[in-house]
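Here come two complexes built around chain A, the first alongside chain B, the second alongside chain C.
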Partner chain A sequence: MFSSLKEKIGEVLLPGDEFVFESEDTIFLTDNVKPERPVCGPGLRQSGNRLVVSKSGVLRHKPPHTFWMDSQQWRYVPAKAETVIGIVTSKSGDIFKVDVGGSEQASLSYLAFEGATKRNRPNVQVGDLVFAQFTVANKDMEPELVCIDGSGRANGMGVFGGGGLLLKVSLGLVRRLLAPQSDIRSDLEQLFPCELVVGMNGRIWVRASTIQQTLIISNLLQSCDTLTAPQRREQFRKLQKGGL
Partner chain B sequence: MKETPLSNCERDFLLRAIEEKKRLDGRQTYDYRKLKITFGTDYGCCFVDLGQTRVMAQVSCELVAPKENRPTEGILFFNIELSPMASPSFEQGRQSELSVKLNRQLERCLRNSKCIDTESLCVVSGEKVWQVRVDVHTLNNDGNLMDAASVAAITALCHFRRPDVAIQGEEVTVFSPEERDPIPLSVYHMPISVSFAFFQQGTFLLVDPCEREERVMDGLLMIAMNKHREICSIQSSGGIMLLKDQVMRCSKIASVKVSEITELISQALLNDKAARKAGGKCGFAESMPQDRITALKMDQTDVEMTNVSQTGSGVILQGDEAPPPTVPSPVVPVPGVGQVGQGLQSWGLEEEEEDDDDEEEEKGYFEEEEVVILYPETTEKSK
Partner chain C sequence: MAEDSFKLSKNLLRMKFMQRGLDAETKKQLDEDEKRIISDEHWHLDLPELKSKENRIVEEKSFGPCEELLFGRLSFRGFNPEVEKLMALMNPKDEVEEDVSQMQTDVTDEEMALRYESLVGTMKKKFAKKRERRGMDEDDQNLLESNTKRVFLKPRD
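Entry: the complex of A and B
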């Protein structure tokens, strides 16, 4: 059933390309075999038995049924359950207003931190960075963030400590950094130890042991957008040889 | 729209980096970003790239009545437009504080220094003078708009050519560029502004701040100078206290930078002149930087061609009858149009019977025939 889709995996598709699923001619003897539906990720839209591409990019597949379009853009649109780096812009009453790079500022309640109660408020000032995830993110409502997961634990989220530098990169680079087997991450590991926080809204926070190293990593990451893989490996190799 | 707020950690990092004499892009304290000057196809159109900061200056002129208290001088008018293209915080049409400040600085730098000879712009004393208008548009803001704008304005003024004018007694004739070559403005000297950003109450200074450095700076010192080491304008903003030897040191740095930049401008003007003479391509399209994102680069892919012929014939069958083979007459019957000859019957190249000096006569080779006037007013076709 997915044969037409599977042929196109790894190819460039344009918005408007369609895939139609024909219904099976044979009738199954057993009733509890349900027809398989594909799970559509970003860039694909499903209506009835048609699958339409809505963003240009490369078609990717994860077995058994998941398909999505791998596209490149800079502007972030909030989506549920994505972890982002936000900048606190104001405190009003019980909530913080956080800028995440989208069209609206998101709201973050002060109770949405691990171990926070009405008496024990979290230590967040205007201008601080927070790493949080979206609980509400659709086009009709104001986005909402929380710094705890479902069971009430922080799980790596919360307010940032001091130091480090914040960069803005494209969303494609961010997804490549967060992929399970990431070339860029393994290349970075060879260089020197550093702390990296990657937000899905295109913001990366870097901290290394010296300011010089932090600046080097930030310039490398920003240039990775426009370098092909061999060029990037060449850059990293030059740095390693050059020493610091 | 509001700009992205600056987080505390970025501010602290930048200040600490400056204390260790490190800049974000690896420059030294007194280094300028890469300055690139290109010209458009018209005279007086100039693009300046200072790193990622990009501005465009366009010079134009028209004949107006002079000011009453200066009947023998031409008029110079400067305008800097902060377009929303440059930064999300710039609003179209609204006079922000930054826009007023930049306009005022550019005027002080170029008008009060008398770098253009305004007496030569006078045509008829007391009645007609040339008004030269410089419009600077900001295309991208990555810090230090003032320096980029001053370089763009003075380069565009040097590049500009105004129409030639002849006065015979009472009659004034303005020649079009085709009749007589336009003449350049008389520029005495080229004032260039150099900006210094101060941090930590004047302890550290940086030349040519980029946008993030501008957001954390305490104050800004702008020195406009020409290559003869004459200071045309000094302006300090931000309310920082500067010592006398700091200002002297800045002016020494500025004179070095200004002579380098003036050299660059003269070289760019020479290159453009040579390119125009040789007939090469010049203009905006040639100067566009080619930035490609190679993150999702693919090798050549085959195009699906299996059912092209089927869909093609299907479209033809569905379509209406074919259009008529004859081409309707291209002559548009409106006032001001005449028709010369019968038009071409075939597209073959016939012998040229006209001389080729006139470049406008490129279409059609026809024999000398009389002009058929379709309407009373016709434009004369020069042969």
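Entry: the complex of A and C
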């Protein structure tokens, strides 16, 4: 099965394309060879004894056994352990309801902040922006967010904001921004000092030293979705020459 | 009495004071019986096909680990120094690491050794009783005196 998967790396596949488990795989279990477990990422699903493609896109591979479908979409579906930007919509009792752009609002407990106890409540108001990660995110249950990691430290999560601008972009742009080698990020670095918070739900919060610079960066990011790489570089060069 | 030992109930045998007298074998038997009782009460799903499929594939719903995405907070050109620190912390470290230089010590090891030699002596003197202290001082003086021995001087005519 690995061989059939590896053949198709870089090709466009459509939902319904299948990869069948060959019986050779089971033979390995009787030898003392460690069976290789394929990791199927977003866009690939297991159905019976087959691996089925569920989203149209390009098949990508990461050694040793990770495969996923690289596709573009705007609508976010909550996934566990992803960090997102949420907007607090209401406070009810012990939990906050946070809008993350999914099909339903996520709940965020007031104890899930660093240093929060029953007496010492975090300072979160309706309308605040929070950077949090999912602990529970599946199709059967209401998503839950927390602003701390496993050991109780905030690690940059929590309420932020004040003086910036929140944008909605496609999920593909978010991934391109956060990729280990990213052209957009290196281009942005050349421009002027600024700060970004990038949520996997397609929301980006930008802040620079003046309002004009903030607006420039937000316009750039939104247009990056539709520009090709040379066009984008052209835009950045124009801005740098403009001396803003 | 030997006959009675067969009739002792299992609960009694499980008590602590009875455990010491039992052999290892009977102990094992008791443990197994207990385990069997527990496993009978547990509900199993008797579906061997499901079991064989369990170990096949790991499903990962998020792009983060697949594409090795960085941490979501970014800061450029030192706009927010705390976020820059976070970026250094949270992002996976690069493979090229700097050489771990030896710690600069304020006091070298040799100096420490010399210090300790004299320190031990002075502390000992501090806590010694008066008689011992006198004895310690006299030792030092005796050394000086013994160097200048008195020699018989012939009387001059």
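FYI, the second predicted complex is superposed on the first by the 231 of 244 C-alpha atoms of A that agree within 3 Å, B and C clash if a C-alpha of one lies under 4 Å from a C-alpha of the other, contacts with A are read in each partner's own complex, and residues count from 1 in each chain.
One rule holds in what follows: a residue touches a chain if its C-beta (ideal position, glycine included) is under 8 Å from a C-beta of that chain, and two chains touch if they have at least 3 such contacts.
For clarity, every value in this text was computed on a predicted model and none was experimentally measured.
*Asks:* Overlaying on chain A: chain B and chain C, fit or clash?
*Replies:* Fit - chain B and chain C, as placed by superposing on chain A, sit side by side.
*Asks:* Output check: A:E11 vs chain B and chain C. Expected answer is one of first, second, both, neither. What do you get?
*Replies:* Touch status of A:E11: first partner only.
*Asks:* After the superposition on A, what does A:G162 contact: first (chain B), second (chain C), both or neither?
*Replies:* After superposition on chain A, A:G162 lies in contact with chain B alone.
*Asks:* A:R45 in the overlay: touching chain B, chain C, both, or neither? Say first, second, both or neither.
*Replies:* Second partner only.
*Asks:* Mind computing the angle chain B to chain A to chain C from the CA centres, in steps of 10 degrees?
*Replies:* 170
*Asks:* With both complexes superposed on chain A, which partner does A:L196 reach: first (chain B), second (chain C), both or neither?
*Replies:* Touch partner of A:L196: chain C, not chain B.
*Asks:* Examine A:A179 and indicate which partner it touches, taking first as chain B and second as chain C; both and neither are also allowed.
*Replies:* After superposition on chain A, A:A179 lies in contact with chain C alone.
*Asks:* For A:V136, decide between first (touching chain B), second (touching chain C), both and neither.
*Replies:* Neither partner.
*Asks:* For A:D225, decide between first (touching chain B), second (touching chain C), both and neither.
*Replies:* Only chain B; A:D225 stays clear of chain C.
*Asks:* Comparing chain C with chain B, which touches more residues belonging to chain A?
*Replies:* Larger number of chain A residues touched: C.
*Asks:* Can you give the closest approach of chain B to chain C, taken over C-alpha atoms and in whole Å, for the superposition?
*Replies:* Chain B and chain C, overlaid via chain A, are at closest 15 Å apart by C-alpha.
*Asks:* If I apply the document's touch criterion, which positions on chain A are contacted by chain B in one structure and by chain C in the other?
*Replies:* none
*Asks:* In the complex, go through chain C and note every residue touching chain A.
*Replies:* Answer in residue numbers: 53, 55-80, 83, 86, 89-90.
*Asks:* Considering the complex alone, what residue numbers of chain B touch chain A?
*Replies:* 4-13, 16-17, 20, 22, 24-26, 291-298, 301
*Asks:* Where on chain A does chain B make contact in their complex?
*Replies:* Per the stated touch rule, the residues are 11-12, 57-58, 70-72, 87, 89, 99, 101, 125, 127-129, 160, 162-166, 170, 172-173, 176, 205, 211-212, 214-215, 218-219, 225-228.
*Asks:* Within the complex, which stretch of chain A touches chain C?
*Replies:* Against chain C, the touching part of chain A is residues 21, 35, 37-42, 45-46, 48-49, 51, 60, 62, 66, 68, 79-83, 131, 137, 155-156, 175, 177-180, 185, 188-189, 191-200, 207-209.
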